[in-house]
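Input: a single structure, listed below in structure tokens.
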Amino acid sequence: MHWQTYFIEFSYLLASVLFILGLKGMSHPETAKKGMHMAEFGMLMAIIGTLMHFEIVSYTWIIAGLLVGSTLGAAMGVWVPMTAMPQRTALSHAFGAFAAALVGIAEYYSYTHGIKPIADLSHVTMSALGFEIMLGSLTTTGSLIAFGKLQGIVPGQPLVYRGQNIFNMSLLAVMIGLFVYLIFVPTAVIPFYAMLGLAFVFGVLLVMPIGSADMPVVMSLLNSYAGLAAAATGFVLGNKVLIIAGTLDGFSGFILSILMCRAMNRSITNVLFGAFGSASTATAQGEQGTMREVGMEDVAVQLAYASKVVFVPGYGLATAQAQHAVRELANVLEQRGVTVKYGIHPVAGRMPGHMNVLLAEANVPYSQLYELEQINPDLASTDVAVVIGANDVVNPDARDNPGSPIAGMPIIEVDRAKSVIVLKRGQGKGFSGLENPLFFKPVTGMLYGDAKDTLTKLVGAVQHA
Amino acid sequence: MHWQTYFIEFSYLLASVLFILGLKGMSHPETAKKGMHMAEFGMLMAIIGTLMHFEIVSYTWIIAGLLVGSTLGAAMGVWVPMTAMPQRTALSHAFGAFAAALVGIAEYYSYTHGIKPIADLSHVTMSALGFEIMLGSLTTTGSLIAFGKLQGIVPGQPLVYRGQNIFNMSLLAVMIGLFVYLIFVPTAVIPFYAMLGLAFVFGVLLVMPIGSADMPVVMSLLNSYAGLAAAATGFVLGNKVLIIAGTLDGFSGFILSILMCRAMNRSITNVLFGAFGSASTATAQGEQGTMREVGMEDVAVQLAYASKVVFVPGYGLATAQAQHAVRELANVLEQRGVTVKYGIHPVAGRMPGHMNVLLAEANVPYSQLYELEQINPDLASTDVAVVIGANDVVNPDARDNPGSPIAGMPIIEVDRAKSVIVLKRGQGKGFSGLENPLFFKPVTGMLYGDAKDTLTKLVGAVQHA
Amino acid sequence: MTLNILILLFSSGTMSGPAIIAALYVFVLAAFLGYQVISRVPPLLHTPLMSATNAISGISLVGSIVIAGSGHGRVASILGFIAVACASTNVVGGFVITDRMLRMFKRKK
Amino acid sequence: MTLNILILLFSSGTMSGPAIIAALYVFVLAAFLGYQVISRVPPLLHTPLMSATNAISGISLVGSIVIAGSGHGRVASILGFIAVACASTNVVGGFVITDRMLRMFKRKK
């Protein structure tokens, strides 16, 4: 082995170590920044190392690609608003998976076009290659659909037709069949491209029947596929840092999707094939009493003279971009000596940690953000619980009504508070499409309007209260 | 590669996974048993796999070795009393390290005696081999001395003479020098055996100057050396399961020694070269008042009518084998409705977790065993704290007197309890050789005698109280 | 996946055996490590975590670079070029966003 | 150790490069994993942990077995024999004692 090879290998080993350290840093906000810088340095080393690879004869295409990618990435990185994180994440999975797929295709191409000795295309290599290409391709199209649904380009509600699952399953079967065939006959070009095409199609069919509210789970699953595709690339190229990084990525996606499902008290299969949030399940049980609407002044006074207020943000906060407004209100209240806390449900909003990031963006110190388990015991002693564009995560049915579709999903029990104020625009349902008995409880007052406007108005009102 | 090779590799991979799962199980007593069974199964698979190795021509020596080892191991496993765990552990490190060293020697021998092509003895292989043999040999002798000191065969107090550290260091330097030389001239047989010899000697010299009470730390360090030796063997043989198991072992040893040092508020270097517990430091500051001796009946009554009693066991409990007696006393008290807890200091006794195992042996449920951080807040509300053969871990000087050699070591603050009873045989000092002001506090009553006798008597006394 | 590949190993007639086995060990260990490390990340940081892992998995860049540069004909080069572009978008974008997010998390005002 | 060997790699003139690099990856990952896993073991179980890791590291048995069996002359065989004996003592002894200890830990009476 030449010294370059050692240098490259060393840079890869270093990168692997730094990636791991980087993710370890993520265990606490204090250490996270340093961790990321390590990871970035690791990435830099790996790239520098790779540029020394003896196979490289020309740098034109490489530099071109790096330039295009970096500018695109930097632009996205700087300009994408925090509220658009879900879409952005979905898109990036498409990119990542597509890159992996392309590498796989190029490899196969170079084997079948005599650029690399076809003899080296062993069964093992082919099976890894197959994994890489299948996962890569279906993740690419799947993530694009997910992106479309989250962005609202693609209709959000599940696209379902009878026999759908059977159809998809049989398609999958065909794809797998081709894959297995290829493992034994790696040189079969037509089956290869057929498999490739099917994978792209399958990605679409897999995601179309899933409602946009379930996209986060799907996204994380696709994330883990993208990771595994990268890992498979590592197997193909015998590149260990690829295996490690890919596996880490795959696992984070997998773990996050599990966490989400648990927080929604649903199984992955139910998410993937249940077509949740489709018209069928969205049957509202009609009014269960009357909602009590409250006036701005009234609420302002309640807040102003409360000693403890808990804000419970939800998806509505994100759509209304009301994070800064809520922070202003909190400031005003704190100046008046009110203790302010935020109760964050694990699946509030549309992606894990969504609310935390938005509030952090508005300079809410994370010491004020409380998880479900931490805030619930507090609520009994809370004077006013303000529900900001949240619905399902505060739906008492999940706790009280075993018949409810979300029965058993842990909720933030705002109804234990002395008074509950719900900010929403109207009679709109949450993603689950269920009626929310909370809104009909005597303790609850409804304050209608866009969350941002309402909160901004409240700031003024509280100041004059 | 033949199918055996795959089978072997597979069994090794499986073993690695099962070992990791096994240790993961150790994170909770409920899961620990299952974990160990996994690890055992993994070991079995690895051995079966190895027996298929194509290099093996005769099984006589193998079977002989396995028989001898298994019988020896089983005998030790069944008959070694819990109180002798420290010695047993030290001894087993000697065995493990010796095995690693022998493998290394055999490898080197087969290279230098034309059994394996000398050309294959690359610099890399040689460096791994060197590590293996150095670590293996010095750990062997070192652990034997540690065993001797713990068993009382070798004088416990540190054997020190002026210029000792310099001498040892220079010896180490020579050894390393030979090692480096060998890396570049792997075929130099004399330097090799010289290095081997020096390593054995160095092991002895390393441990002799360390007091027996510090043996646990030394033991854990030697443990990590033994592990690293095994890992090095893995590098030599290109055997990954060896690398994994060795590294895991090495890390557990390392982490435990760190924990111990932290709990004693001392640095590793101080432990290794401080000759702690030697005559020099053992200067008792003489009486600081008078000790109040209390009578059996008096104590019995106190205990019988207390509502909350905390037992704080120490090394004395182990030497007196009083674990069953204390459990009996606890039973009697609980029958009378007294709440009984046990406060376990991380370095109580002579090895980490020592007290926990002894009490578990006496059927004390681990839900009654409290760690230092958990029990200290409880002590203020404790009626009687019974110190059973503990001394340093309850020495208030560590907390109050910055001048004390153990200043800053976290202690179990029994002196906060309403009444403290100390069971010990006499004026004996703890391992640190320091006087313990606790014994002179008005709140403290001394109950002299062997812990076991005293406790057994107390059982009767309490019953008649 | 592990098992699947393992089974395939037996059907494999090539000499790439040892390399693949090494790769398998790396994969298995990385899997365990991934589980351990990721499961310790608090919900507070789940969104940054997503973008971080996303950036890290952009390491597939190293594969793309070689293909884009090894001049195995136009097709390979162009595929490589696109791959490099996609991967580096993730790397840069992912890290920039992660940093941006993390900078927003403050303990006190 | 890692670094040390890494440096040596450069001084190495043999073809064992790739194999050693793979070994290094395994070592590094195992080190991280070891840290993560062991640091989660409660003090309650530190003594069983010691004997458990001790038994596991008895895996050096696999090395000893090959040497004892490969008939590379009397010396090698005897060295191998002793190694097998020592290693298997640890394996058996270690596991037996660990089981024995763990069986003693009970939550309720």
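Letters A, B, C and D name the chains as they come in the text, with residue numbers starting at 1 for each one.
Keep this in mind: contacts are C-beta pairs under 8 Å (C-beta built on N, C-alpha and C of every residue); 3 or more make two chains touch, one makes a residue touch a chain.
Just so you know, these numbers come straight off a predicted model, no measurement behind them.
Between A-C and A-D, which chain pair is linked by the larger number of C-beta contacts?
Between the two chain pairs, A-C has more contacting C-beta pairs.
Any idea how many Å lie between the Cα centroids of chain B and chain D?
Distance between chain centres: 17 Å.
As a quick test, compute the distance in whole Å between the mean CA positions of chain A and chain D.
41
Would you kindly tell me how far, in whole Å, the mean C-alpha position of chain D lies from that of chain C?
The answer is 30 Å.
Provide the list of chain A residues touching at least two other chains, using ranges where the numbers run on.
Those would be 20, 240, 244.
Going by the contact rule already set, what residues in chain D reach two or more other chains?
Each of 9, 17-19, 22, 25-26, 29-30, 32-33, 37 in chain D touches at least two other chains.
Okay, what are all the chain pairs that touch?
Touching chain pairs, listed by label, come out as A-C, A-D, B-C, B-D, C-D.
Which stretch or stretches of chain C touch chain B in the complex?
Those in contact with chain B are residues 6, 9-10, 15, 17-18, 21-22, 24-25, 28-29, 32.
If we count contacts the way the header does, which residues on chain C are in touch with chain A in the complex?
Touch list, chain C to chain A: 1, 4-5, 8-9, 11-14, 16-17, 19-20, 22-23, 26-27, 30-31, 33-35, 37-73, 75-109.
In their shared complex, at which residues does chain A touch chain C?
For this pair, the touching residues of chain A are 12, 15, 19-20, 22-24, 26-30, 32-33, 36, 39-40, 43, 46-47, 49-51, 53, 55-59, 61-62, 64-66, 68-70, 72-74, 76-78, 80, 82, 85, 88-89, 92-93, 95-96, 98-100, 102-103, 105-107, 109-110, 113, 115-116, 120, 122-125, 127-128, 131, 183-184, 220, 223, 226-228, 230-235, 237-253, 255-256, 259, 344, 346, 351-354, 356-357, 360-361, 363, 365-367, 369, 371.
For a test of understanding, state which residues of chain A touch chain D in their complex under the given definition.
Contacts found on chain A: 1, 3, 5-6, 9-10, 13, 16-17, 20, 240, 244.
So in the complex, which bits of chain D are touching chain C?
Touch residues, chain D against chain C: 18-19, 22, 25-26, 29-30, 32-33, 36-37.
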